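Note that subunit A is present in both complexes that follow, paired respectively with subunit B and with subunit C.
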Partner chain A sequence: MRAELRAMPTMLRIGLAETIAYRAEMIVWILTTTMPLVMLSLWTSVADEAPFRAYTQADFVAYYLAALIVRNLTSNWVAWQIGEEIRMGTLSMRLLRPVHPFASYLATHLAAIPLRLVVVTPVIVIMFLTDARHVVIDDPARAGLFVLSLAGAWLLTFGTFVAIGALAFFLEKSMALVEVYFGLFMLLSGYLIPIDLMPGWMAAAAEWLPFRYMLGAPVEILIGRHADAAAAAAVVMTQWAWAAIMLVTAALAWRAGVRRFEAYGA
Partner chain B sequence: MRFGYYLRLLAVSMRTSLLTAMQYRADFIIEGFMSLAWTALALFPLLVLYGDRTTVAGWGFAPALVVMGLFTIMRGVLEGAINPSLIAVVERIRTGSFDYTLLKPADAQFLVSTARFAPWRIIDVLAGVAIVVYAFRELGRAPGPAELGAALVLCAAAVAVMYSLWILIVAAAFWVVRMDNLSFLLGAVFDAARWPIHVFRGVWRIIFTFVVPLALMTSYPAMALLGDLSVPTAAACLGGAAVFFVIARTVWSLAIRSYTSASS
Partner chain C sequence: MIEVRDLKKHFKVHKRPPGLAAALRSVVRRTYDTVKAVDGVSFRIERGERVGFLGPNGAGKTTTLKVLAGLLHPTAGEVTVAAHRPQKRAAAFLRQITLVMGQKQQLIWDLPPADTWTLNGAVFGVAAAEYAKTLAELTELLDLKELAQKPTRQLSLGERMKCELAAALLHRPTTLFLDEPTIGLDVAMQVTIREFIREYNQRHDATVMLTSHYMDDVVALCPRVIVIDGGRLIHDGDLRALVKAMMPDKRVSFSGAVAAEVLDRLGRLVSRDGARTTLEVAEHRLREVIGHLLGVDGIGDLAIEDPPLEDVMRKLFKDKTAAPTPVESQGAT
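Right, the complex of A and B next:
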């Protein structure tokens, strides 16, 4: 742990330099996140005539722009990275270093956040130029909760992706599982449609599964969909509990996986 | 004779792709399941929406389903016949093995566009057709022969436009080398073609009609199938597709001249 902490500033600097070196590629990857905008176009057209249940046009704009922001800030590609390194055998290089691979993955993906922030800044500006600005919360307590929930969503997504990536130790077709995961995520996180617009049974399922806490929870807090700060705080607590569970799962899967790692090709 | 020669080349390429695909028969089940799941996922917002409303931007549930069906078919064509080749060629340009393609005694653009197919994507096409059939059962009528013919012609034009856009991407790879994720970007933009074009307003409708003509790919063929498309609009679609095709071919010829092999 001490070694990891001492190496962290350097690893973060390396990560930042890498992000800057591949900035054009990364920006194109970030731009492929168009789904919230595709959904936004549909729902604003729907709400043009009359509000759809509890959502007015401004609510939809705020919801999907917030979803776009949260998704871009909390996403990462660590599952693909780990899967590739296991398949190609290049993971052995990482295993030889005196810091735990988790720490180096963490540094790489933390270091990408500044660039992600730069890319979403125009979206934030647009949000405050449209009617959506009246929907976004402005009391400091809930704003603080939003920042906390954003961090929680990042950790939860990171833990989940490391766990999925570690599946490559056991399965040849682990990347197909990423696709299954992404389908469930789209459906149950509120990425496609807000959770309170889903059919009752599905909304109830979303309550109990982790996906909602990766995207829906921060978005709902930002646009003030919870009754009060206490309700929002309860959501954030559940979210952090999920993040802890996922990180522990990832650690266990990793420990079991490294034992059977054979470093093909290297 | 030239035509027969290219037809034979196409058949050979399709056969090798099919043979490769047959080696991974388990993929058929996985990919089939995935493509059905993605189709269901795409239908979900429509079901929620039309649970409360009868029309959106002038489109009822069944006509919107026709657009969704055509979107699924087009996505199958895109990922089965267009994308695999283009991803392969971008890789070849990057590594320099594109030299061998240029040395072969056939048109390079033809070789590049028929390099690889993904036969399992036929599942998407079938799922799309099933959605369209279901939509017409909901409507309680079948499209007449004239409508069916018009829709088929427009679908061919749609494929031509899609192909032209992707050729432009590959042409860009001659200048900017690392272009593989740009094809994902276009794929992401293509996602917007799942809604009828009238859902989009103002500048977006203009962009999706004239710049990245998504309207041409799904909405207009769907309108033709439903019998709602006027003859001038249909003619304009065909003209637009032809213009796109010519532009793509011209840019390709210009681009290939500036190819400086990466290997030597």
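Right, the complex of A and C next:
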């Protein structure tokens, strides 16, 4: 752990340099995240005349802009990166360095956050130029909870993608699982439809699965969909528990995968 | 120091005959073959030695190197490298070794090599003063000054390999596993890399284990060779002794014309390339044959050499008996 901490500032610095080198690809990639905008135009026309259930037009604008912001800030491509390194055999190089590969993946993807922030800044500005600004919470306690939930969503997504990436140790076509994951994520995270607009059984499923905590939870906190700060805090606690579970799962999948790699080569 | 005792590395490989029926059957019942990539190899290499590790494709060279570097777990046998058991990949072990694979790179593609070097310095915990000193030394030996700040993707293959070597050696490892470090490089660059490896070995008393398909690399660098085939050791010892044992005759080449029947009497004709003729001559007849040739008008440019190592290897692999069939398995042999 000490070696990892000592190397972390340099790993972050080089990670940032790498992000800047790939800026064009990354910006294009981020800009292809348009689904919330499609949903925004759909739902605002639904709520044109009167609120749809508990959502006014401004609520929908706030919800989907927040979804766009959260999605862009918490996403990463570590599953593809790990899959590629296993297939190409370049993982060997990483295993021969005296720091845990998790630490270097973590650094690479944390270092991408500043560029992601630059890309979402216009969305934040737009949010505050529209009526959505009246929806966004303004009390410091909930703002703090939002930041915590954003970090929780980042860690949960990172853990999930590392676990999916580690499947490449076992399956040749593991990246197909990213598609399965993404299908479930779209349905159950609140990315397409806010959880409280889902049919009862689906909303109940979303409560019990991790997807909501990757996107829906921070979005709901930001636009004040919870009764009070205590209710929001309970959601953040569940989210961090999910993040811990997913990071442990990722670590176990990784360890099993590396054992297989040591036995079979790649 | 490297010590390997009865090392075995077997892989279980899924077997499926061609055809749809076989494909369907393999869904229900999978059958496996055991591929013996390394099958009972033992050797010992002392600190500071340079050893060539030779064998045909699929002989088990890369598998052995990966076991020695700690990437693969042995199926059986004992392996000790720099007083560590490699498979544990302890940090203290990783700081003492390096593995350079000519076909895999660690340089970050879109950044200048200097960034990968900085990263490796931090990751291996090299102190700032030592890092500066080592980098200065590597920059001088490999002539890296102009390359350090260029994006890696703009470097030629040879330039990239020089930068790869620097990245692999910044932590001053004492044991070097070099797997085809000169692959695809032009002759001049091969010589540069070779000279560098020798220099590093001598300056730091580093142990070097090298595989290469270019026998010139081996001849120039390795007084000792270990030869494996089909996962088994077939020779371990002095390179010259191997050449002498396998092909004791010398090659005599010269320019100028000599009648065919005279050539027959002098030795076995190996090649006649334009004006240049090469003969194979038994060592005890060398003096007599050279004396004769020097007496012939128009004969010049006379040279006596050992047979090329490629020919020695070809003969060695052809002569060996009862060795198992070499199998490439999962790209790890």
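Please note the rule applied: the second predicted complex is superposed on the first by the 261 of 266 C-alpha atoms of A that agree within 3 Å, B and C clash if a C-alpha of one lies under 4 Å from a C-alpha of the other, contacts with A are read in each partner's own complex, and residues count from 1 in each chain.
One rule holds in what follows: a contact is a pair of C-beta atoms (placed from the backbone, for glycine too) under 8 Å apart; a residue touches a chain by one contact, two chains touch by 3 or more.
Predicted model only: the values in this text are computed from it and were never measured.
Legend: residue contacts after superposition of the two complexes on their common chain; A:262 is shown touching subunit C, with no touch to subunit B.
In the superposition on chain A, A:7 makes contact with subunit C only, not with subunit B.
In the superposition on chain A, contact of A:99 is made with subunit C only, not with subunit B. Look at A:34: by the touch rule set out above, it reaches subunit B but stays clear of subunit C. Of the two partner chains placed around the shared chain by superposition, subunit C is the only one that A:89 touches, whereas subunit B remains out of contact. When both complexes are overlaid on chain A, the residue A:180 reaches subunit B alone and has no touch with subunit C. In the superposition on chain A, none of the residues of subunit A is touched both by subunit B in one structure and by subunit C in the other. Interface residues of subunit B, counted against subunit A in their complex, comprise 30, 34, 37-38, 41, 44-45, 48-49, 52-53, 56-57, 178, 181-182, 184-185, 187-189, 191-192, 194-195, 198-201, 204.
Taken in their complex, subunit A has these residues touching subunit B: 24-25, 28-29, 31-35, 37-39, 41-42, 44-46, 52-53, 173, 176, 179-180, 183, 186-187, 192-193, 197-199.
Interface residues of subunit C facing subunit A in the complex, by the touch rule stated above, are 11-12, 63, 66, 69-73, 87, 89, 91, 94-95, 97-99, 101, 104-106, 108, 110-111, 115-116, 118-125, 151, 329-332.
Within the complex formed with subunit C, the residues of subunit A that make contact are 3, 6-7, 9-11, 14, 17-18, 21-22, 88-90, 92-93, 95-99, 104, 261-266.
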